[in-house]
Amino acid sequence: MSFSDPSPLSAAPGASVRAVHDEFHGDLLEVSMGPHHPSTHGVFRMMVTLDGETVVKLKPVFGYLHRNHEKIGENTSYLGSMPYTDRLDYLCSMTNNWAYALAVEKLAGQAVPERAEYLRVILAELTRLLNHTCLAGFLLQDCGASGTPLMYAFREREKILDLFESLSGSRMMCNYQRFGGCRVDAPAGWLDAARALTDGYGSFLDEYEALLTGNEILMARTQGIGCLSAKLAVSAGVTGPLLRAAGVAYDLRKVDGYGFYPRFDFRVPLGAHGDTYDRYMVRVLEMRESIRILQQALRDIPAGPIMDPKAKLRGFRPKPGEVYSRIEGPKGEIGFHLISEGGPNPYRYRVRPPSLINLTILEDLCLGHSIADAVVILGSIDIVLGEVDR
Amino acid sequence: METPDQIRDRLLSRFPGAAVSLISNPGPAAQHSLLLDAADARAIATFLRDDPGLQLDFCSNVTGVDWPDREIVETTRTSTPDPAGGPAKVVEQKTKRLQPGCLEVVYHLYSVALLHGPVVLRLRTGNRSDQVSLPSLTPVWRACEFQEREVFDLFGVVFEGHPDLRRILMWDGFKDHPMRKDYVEPDDYEWEPTPHGDVLAKAKRHYPTPAPAVVKEEPKP
Amino acid sequence: MSEPAPSSPPTLTDAERAELRRQGILLTSMEELYNWGRSHSVWPLQFGLACCAIEMIAASMARFDIARFGSEVFRPSPRQADLLIVSGTVTKKMTPQVVRLWNQMPEPKYCIAMGACAISGGPFKQGYNVLKGIDRFIPVDIYIPGCPPRPEALLHGLMQLQEKIRGQKISGPGAPRHLQADTTCEYPVPDFGEHDLVPPQNPAVWQPPVIVRKEGA
């Protein structure tokens, strides 16, 4: 089979659809989906070659939100990059903060007090709830359930954002972690509010699942669609719920045991088929486990300082060295690779973006499926463009 | 897991003649790395992936690093013993040496099967201008596909054997490699109310201080 | 926020109007009716760029409920939209697409620059691939500061836009762009150059601000 290579940017500007003649298969259709498309989760673009409605080739095109995070990170101080990490994966600012703070703490050999570690776990799990809830809403939006599940998801999201706002002062861009602890302590009544939210979240999930999990349309659209094998997933560097939906038990909270995760009792849900439905189900089950972690953490959180007294905020210059550090973000392994030359700025500041690397397998998942399924598969991969392009 | 020393020794016995050296990391993280020669990098990478003791099946992260040419000042002390038996004469000599720059690619490897890591590999190009080719490790780990494209785009390292080496973040006609340290970005700043450093210099260039207006005094009638 | 435009001079006093309305007579001017209708059915384009898009979605959800202002109909096609909400960082790679979308929207059309990035590049101003404000290429009606602006701020911006629409004349020299026959509705789309966009800005829309600085400042 031969067809002309889709060269995305040299195509005639404005022409988003053109026919490619192929003597064996009739006319193949080359479609440019994105960067402005309602279901590409932002400004993602894919060049799709279609035989009828079937995808025969799919090449993602990136860079429409490349806002030079790494270059700016090399020209600003270590602490100055913290607010920029909020804007990487803008749904999950707390886990981005934690990943970066942990990397710098490893680079400088900085300890963190116990209460701060508990707060970090609580915030990370709240972020996971927020992300997975919104993902299910967006996935259903991509299936054509216009509005309703997303309305439920955003209702719960607002409750979690209220917690973040009362803690950090900002709804989305929290900028909360510091090297050696957290910026401010939880205000009075905050932990009680978090407990109330955690206790009520289970019943919300019951309601949500009653709508979705057994839904015939959802099952028809997702079961057996976009199957990912464990071998390909590991080789392609896929991480997070996608990897676990493919049946690979690799959760950094268990493997690396960073923070205080070894203290908590939780299970790692695994998928059996690796299809889109498994990816949805693994996230729902992960939310249930997150609630368990939250209940334990909110029960055990000790009083005490939230910043290490030896932590240095002004004039922070780590000794020359290098570190790669990673945590389990809601979308997968988010890592930071920092090289210090002893100056106030990192010499090299690199973000390992889970969303970008998870997209490696997009073409493999979509081949042979219809174009409508490609949208659903993309929705189940869970990308945020701020992180894909940085 | 084996220490990087042991891995290096095992690699040297398995690949005699290959250049593998250990680069130590002075920081508290102590993630030491292995510097490989470009010629046998892919064979070594395949070995690391398939070796039953290591099984580094997961390439987590690929980073490009730019090291420009640097001038290094070395101080050498030579002491000449005094023939008369007095204290030795110490002469300090400072020599300047130009350390040639290179582009470096760093791979962080983990094992999903054995749950260990990281093993850090480094590859270096010959220089920063015309010898910028390195073997692609995408045939070994597919996870490198987009990340190597990114290093090609932002640093200009050409990966030989990459299935689809195109620019990934910038557009195709773009000529520069913006993450290099000597990249000059387009000058489209605006004046800022509290400028400092580079921004102030740019602002002054854009909006030069106007020459004091010369007001002619008209003779009073 | 832009300044609220002056409203048209009333032809009747409020008391007279109320009296007429009580007797079943509704008196209004063509201009007022036209602007009233338009200002309460501003359909935005379903177009998210970055972080601010999430807050835009939040504004359309149950808690903030943009439907109260008649703007809940997010259209996927620019041909059916009245309002372009530039919600997030516009990169140089994205700029031609944004300008093209703006050109594809039919007049009358309005543009809201939502968030610091769309106004000036915001925190990413130093980026080599970041456009320093969408107003370098297309005219912007409302600027909403914030990073990201809260949904309430977006609603306030929308109310300001409605205020602006209500104050527009439908004839005469003060008439808006879409009612003047000789003004352009198409804006040139920049090309990708070797180092930057070509041209880096549209001089017909945006000129660098003239800043007079004191000696030694």
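Assorted remarks:
As written, the chains take the letters A, B and C, and residue 1 is the first residue of each chain.
The rule is short, and it goes like this: a contact is a pair of C-beta atoms (placed from the backbone, for glycine too) under 8 Å apart; a residue touches a chain by one contact, two chains touch by 3 or more.
Just so you know, these numbers come straight off a predicted model, no measurement behind them.
Shared contact partners of chain A and chain C comprise B. Each chain gets a centre from its C-alpha atoms; the one nearest the centre of all protein C-alpha atoms is A.
Interface comparison, A-B versus B-C: the higher number of contacting C-beta pairs is recorded for A-B.
Using mean Cα coordinates as chain centres, the one most removed from chain C is B. Chain centres here are Cα averages; for chain A and chain C they lie 31 Å apart.
Between chain A and chain B, the centres computed from C-alpha atoms are 28 Å apart.
The centroid of the Cα atoms in chain B and the matching centroid in chain C are 44 Å apart.
For chain B, the set of residues touching two or more other chains reads 169-173, 178. Residue positions 9, 63, 66, 68, 71, 389 of chain A each touch two or more of the other chains.
Within chain C, the positions touching two or more other chains are listed as 93, 128-129, 192.
Those residues of chain A lying in contact with chain B across their complex are 7, 9-10, 62-63, 66, 68, 70-71, 106-109, 232, 234-238, 248, 250, 255, 318-326, 333, 335, 337, 339-340, 347-348, 350, 352, 356-357, 359-360, 389. Only residues 25-29, 31, 33, 57-61, 63, 65, 106, 108, 112, 115, 118, 120, 141-147, 154, 167-173, 178-179 of chain B touch chain A when the two sit together in their complex. The touching residues of chain B, counted against chain C in their complex, run 169-176, 178, 183, 185-186, 188-191, 206-207, 209-210, 212. Listed in rising order, the residues of chain A touching chain C in the complex are 9, 13-14, 35-36, 38, 42-43, 63-69, 71-72, 75, 83-84, 87, 90-91, 150-151, 154-155, 157-158, 171-173, 385-386, 389. Contact residues on chain C toward chain A in their complex (touch as defined above): 46-51, 53-55, 57-58, 61-63, 76, 88-89, 91, 93-94, 96-97, 100-101, 117, 123-124, 126-130, 147-148, 150, 189, 192.
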